[in-house]
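Structure below; questions to follow.
Going by the order they are written in, the chains are A, B, C and D; count residues from 1 in each one.
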Amino acid sequence: MTTAPPFSKVLVANRGEIAVRVIRACRELGVRTVAVYSEADRHSPHVLLADEAVCLGPAEPEASYLNIGRLVDAACGAGAEAVHPGYGFLAENPEFARACEEAGLVFVGPPSHVIAALGDKDRARRLAERLGIPTVPGHPAADDDTLERAARALGFPVVLKAAAGGGGRGMRVVTGPERFRETLASARREVKAAFGDDAVLLEKYLDRPRHVEVQIVADRYGTVVHLGERDCSVQRRHQKIVEESPSPAVDPHLRRRLGEAALRLAREAGYVNAGTVEFLLDREGRFYFLEANTRLQVEHPVTELVAGVDLVHLQLQVAAGRRLSLRQEDVVWRGHAVEARVYAEDPERGFAPSPGRILLLREPHLPGVRVDSGVQEGQEVPVHYDPILSKVVAWAPDRPTAVARLAHALQEYVLLGPRTNLGFLLDLVTHPAFLAGEVSTQFVEDQLAAWQAPDPPPEAVALAAALLAQEPRGPAPVASARAPDPWERLAGARLP
Amino acid sequence: MTTAPPFSKVLVANRGEIAVRVIRACRELGVRTVAVYSEADRHSPHVLLADEAVCLGPAEPEASYLNIGRLVDAACGAGAEAVHPGYGFLAENPEFARACEEAGLVFVGPPSHVIAALGDKDRARRLAERLGIPTVPGHPAADDDTLERAARALGFPVVLKAAAGGGGRGMRVVTGPERFRETLASARREVKAAFGDDAVLLEKYLDRPRHVEVQIVADRYGTVVHLGERDCSVQRRHQKIVEESPSPAVDPHLRRRLGEAALRLAREAGYVNAGTVEFLLDREGRFYFLEANTRLQVEHPVTELVAGVDLVHLQLQVAAGRRLSLRQEDVVWRGHAVEARVYAEDPERGFAPSPGRILLLREPHLPGVRVDSGVQEGQEVPVHYDPILSKVVAWAPDRPTAVARLAHALQEYVLLGPRTNLGFLLDLVTHPAFLAGEVSTQFVEDQLAAWQAPDPPPEAVALAAALLAQEPRGPAPVASARAPDPWERLAGARLP
Amino acid sequence: MSVRVYLLCKGRQVPVEVRGSGDGYAVRVGGRELRVGWQELSPGVAEATVEGVRLRFCYARQGDALQLHLAGRVYTFTRTREEVEARGAKPEQDVRAPMPGLLTRVLVEPGQVVAAGQPLYVVEAMKMETVVRAARPARVLRVLAREGEQVEGGAVVVELEEGA
Amino acid sequence: MSVRVYLLCKGRQVPVEVRGSGDGYAVRVGGRELRVGWQELSPGVAEATVEGVRLRFCYARQGDALQLHLAGRVYTFTRTREEVEARGAKPEQDVRAPMPGLLTRVLVEPGQVVAAGQPLYVVEAMKMETVVRAARPARVLRVLAREGEQVEGGAVVVELEEGA
């Protein structure tokens, strides 16, 4: 494995924890990196972690991370050979992949025509149906009237989804016809803002299914392997928040069937690079193809820890035209991994986004725990992007120990300034139903709808009172106020 | 695995990173913990991590961590069922194990008579010889005159070693007869201070061997498994500093032979719990039994990462009388792990110990990297104990990537206040001979004897000058000075 | 030294008496007195003794607001300078912006009568759209921000008059 | 503002000229001028711009001493208030305590003549014993600490007179 680096230089077209993750993976393989950032991300850690950094422009995603022209120019200008898109933003945008291809840049992902084919959920559904893989009944993207008629024909509840792009963005459950139009309009706006395309499709809503997805990796020479499943049932507002591998609901027989379905789809689509095939699993053990994600997933670390691979390394290697060194029979799953996503949101105010300056940050260090973080103390968490701050992932030889490790890591995780969902996550992963592995996509609504943050214990009140009884010393505990005068005026180096 | 906790409460009779490690492992299994600490360790992180903490007394080891009476009293007083000794201090002291046994406490380690038998290096050697396991020629512990005669008979160079206790303490290479007596006296004093017994033995010094050791675990019912080898050749002054698994010099055939030798010895000795059998491996691939360590090793994490087990969990489970759930044929090694030990010592001044207050601490977070740390920002690193601060352990699917990860982690590791060996470790793990896996116990002397810290680059000088050109703001950047008056007077809560 | 402070936490206000003593503080809250003291290890990270029990906590203070991390939870406190009327869930809080963000649409006009649950405006932050609705039937008094404006969290965007 | 500082690093003294300007500092060292500025993100952690290049560093200052972590290395600087004579490896440095610790034994007496390499005293710290030896033949002038005493790092324990 003392082979040459797959590329000399890669531009990482993303921000936050996934940019940090990809930059680190590149460094480990001896690949130089170019970070990109918007003006709002000047002090985000990915910027100085890379060998070079290019400012794309203002905070607005359209002007920065979604700006194909600027990204391609930055990659060419820096002499990058390849572009890694991360997840979100342009990761599943076939135009971006095509723009890279046309500029002579290797896009670390499938060819643009595969992204277009699988990224279009209607086309992907039809492909699955042709291959005999069951799908959830529904209706492809269409105008408002057509979708409303289709919803009435299918019967409520139905789900609205972005036709392009994943991650639960824009997803809405509509329980009856009254608010259908209003909800559809809102979904279209959110989807347009996230992916630049307001096409929305419709599906029958299944009762309390599990969300189970299969990780695949393919090289250019027709070798495709699957790395087992992840259970991503625990969601809030259709956003995954806790993921694990293996799924407590999947036995070796079902794993083989899910894996085979995913491989069949990938082969038929001419898939190359890492990807995910998502399924719903009903309470009778039947599975339905949901969609294919033609990129790295947020939750990829749980697969890495259980399968003992590095997915970003594999992505870079197959993108460089190398053969997969991994064969299906080499894949051995060991132990159990659970991930929790840490968001800048306020569970005490309806999970409203909570941007702002990070005043104190102490991420947990525990054996078996990995924290993929994209923020640092002192930086401003921008209001313009996804609220994910980091992911806490615990591995252990068995599920109960992995969950215990995760709970301890969440307890030791200190982030002050923006509000976070850490306390909510802690109560979630220590909930009896979660500990028993009995979850569905309705888990949060069923078990934690009435969740409330605990009241402060007397010792917290006493400490707070004694601290606040002091007159405030200086404007803030943060360091910018401590810098002597000349630095305060340092152009471009002031904290936002 | 949703079994009951192996114990209700365990006292952890140690300090620093290993106390933290054991306390965490107990918590994960639902076991309550009692920490012990000396007055010098009041602000060490293990103290508040445990459910309870007992102050043993003054800083001196004899009055605290080596005080058998106080430890047993603390365990009984707190209602602990078992005592975990960690490594060092009393971990290999048969009297301590016996005192626990007699007080009705489970000692998490082998029975006291097994510690006595294997801990005595002369007896252990004879046992190995009886089993046909090769040993290094030498002479058992004796008086000064006898040892000097034996050294002359064997021929120089020879090695002096503690007869009781491991960890390289007191180990001295003597190249000729001139300084034999002086070196022996120094070795006896250091050994006495470390283990309370000044017995020293003698061995022929092999030229550039590797230090390779096999991890074993045994239950009370005669099941013993080995978890593969660790290569601990990279040492400085006979102290291991970098360890890895698997050894670049061990192929599957040799692994099997080493494992069989270790299992034979363990079975014959009636071994129970986790232990390590150490060997020297010469350049022709011959191995020699060196000694058995009847405790957890500092470097146990590399085995955990490669074999996918938790050794402290296994220790607690077999100590509670459970059967090993692991069979030899279940042990699958995956990938490669490398560990570096971070010491409070000053490589620019002959690696002199460097205690003092930690002014800034930022431990690295990288995928695949585990940091087992025993210190926190703001605490005083005491002068009274071993200088180990933490261990940085990197795992990756292959050795080059694991080493690259380790190097990046060492680069990102910030510890200011005490001087550390971090820069030295970084140069060590990026040395071409280390990258090639070509090491011996002489590696540091052969390759890094002339090591010097790099001179500061111009940007460091410029930043330092601009910072120091400011008049100092307040006495120190540390927080004790920021506390309002009443707290400064808070009895017993002042930082040391 | 003895100071009376009013702490606001989770919408409730608690009066607390803080008395500095030679070796820390005596804090009287809800009829109970707790002796507390602490020592900072590093800025914002401290070890405390509360009634003889040692514990570790972290905090960040900004003016009269304090976040405190203790035993895996973050609690937020605000010191109010004087005793304010105990707050419940006041009707007008429902039309405050739930977070800082972009006011993407205003759906009502001054004078308009709105039904319970009727959408008033939409705020977008961190790629999430939040529709703010009327809690009860009311009449719109004023609209205090325009579409396309950035609004602060907690800012009043629409003023309602109930029972109109 | 313009200040001349003398920085001691790795036994060498470097004169440096620091000039504050509107947007940072101009630092002249070894005939070269570097423009630097920085911003603290949190206490001791900062992002700097040096000649237009951005980099991250950490530091801890205690009086005139500074530790600086940059690109994986820690450098230690001391500001000396006036230009001191350039230090080499002075003979008497060899008999200073190499670290703080317990003086476990003193092996020489005042007036005694010692050979090069002869042990003078033994310091124990962090479970390691360090024997301090004479670098050259010399005569013991004074012994400044007693066995069993705690000594500071760098403290002179034995004073030697060379060529005696």
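What we mean here is this: a residue touches a chain if its C-beta (ideal position, glycine included) is under 8 Å from a C-beta of that chain, and two chains touch if they have at least 3 such contacts.
Computed from a predicted model, the values in this text were never measured in an experiment.
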Output for shared partners of chain C and chain D reads A, B
Chain pair with more C-beta contacts, A-C versus A-D: A-C
Could you work out how far the Cα centre of chain A sits from that of chain B, in whole Å? 39
On a C-alpha centroid basis, what's the spacing between chain B and chain C, in Å? 49
Take the average of all CA coordinates in chain A, do the same for chain C, and state the distance between these two points in whole angstrom. 30
I need the residues of chain C touching at least two other chains; which ones are they? 25, 38, 42-43, 45, 48, 55
Spell out, as numbers or ranges, the residues of chain A touching 2 or more other chains. 360, 482
Within the complex, chain B is touched by chain D residues 3, 5, 7, 9-10, 14, 16, 18, 25, 27, 29-30, 32, 34, 36, 38, 43-45, 48, 50-51, 53, 55, 57-64, 66-77, 79, 98-102, 104, 119, 122, 124-131, 153
Complex contacts: residues of chain D adjacent to chain A: 20-25, 37-43, 45-49, 54-56
What residues of chain B sit close enough to touch chain C in their complex? 43, 47-48, 53, 360-361, 376-379, 478-480, 482-483, 486-487, 489-495
Chain A residues within the chain C interface of the complex: 169, 182, 186, 189-190, 193-194, 344-346, 348-350, 352-356, 359-360, 362, 383-387, 410-412, 414-417, 419-420, 422-423, 426, 453-469, 472, 475-477
Which part of chain A faces chain B closely enough to touch in the complex? 1-2, 21, 24-25, 27-30, 301, 304, 308-310, 313, 332, 334-335, 363, 365-368, 370-373, 396-401, 404-405, 408, 470, 473, 482, 484
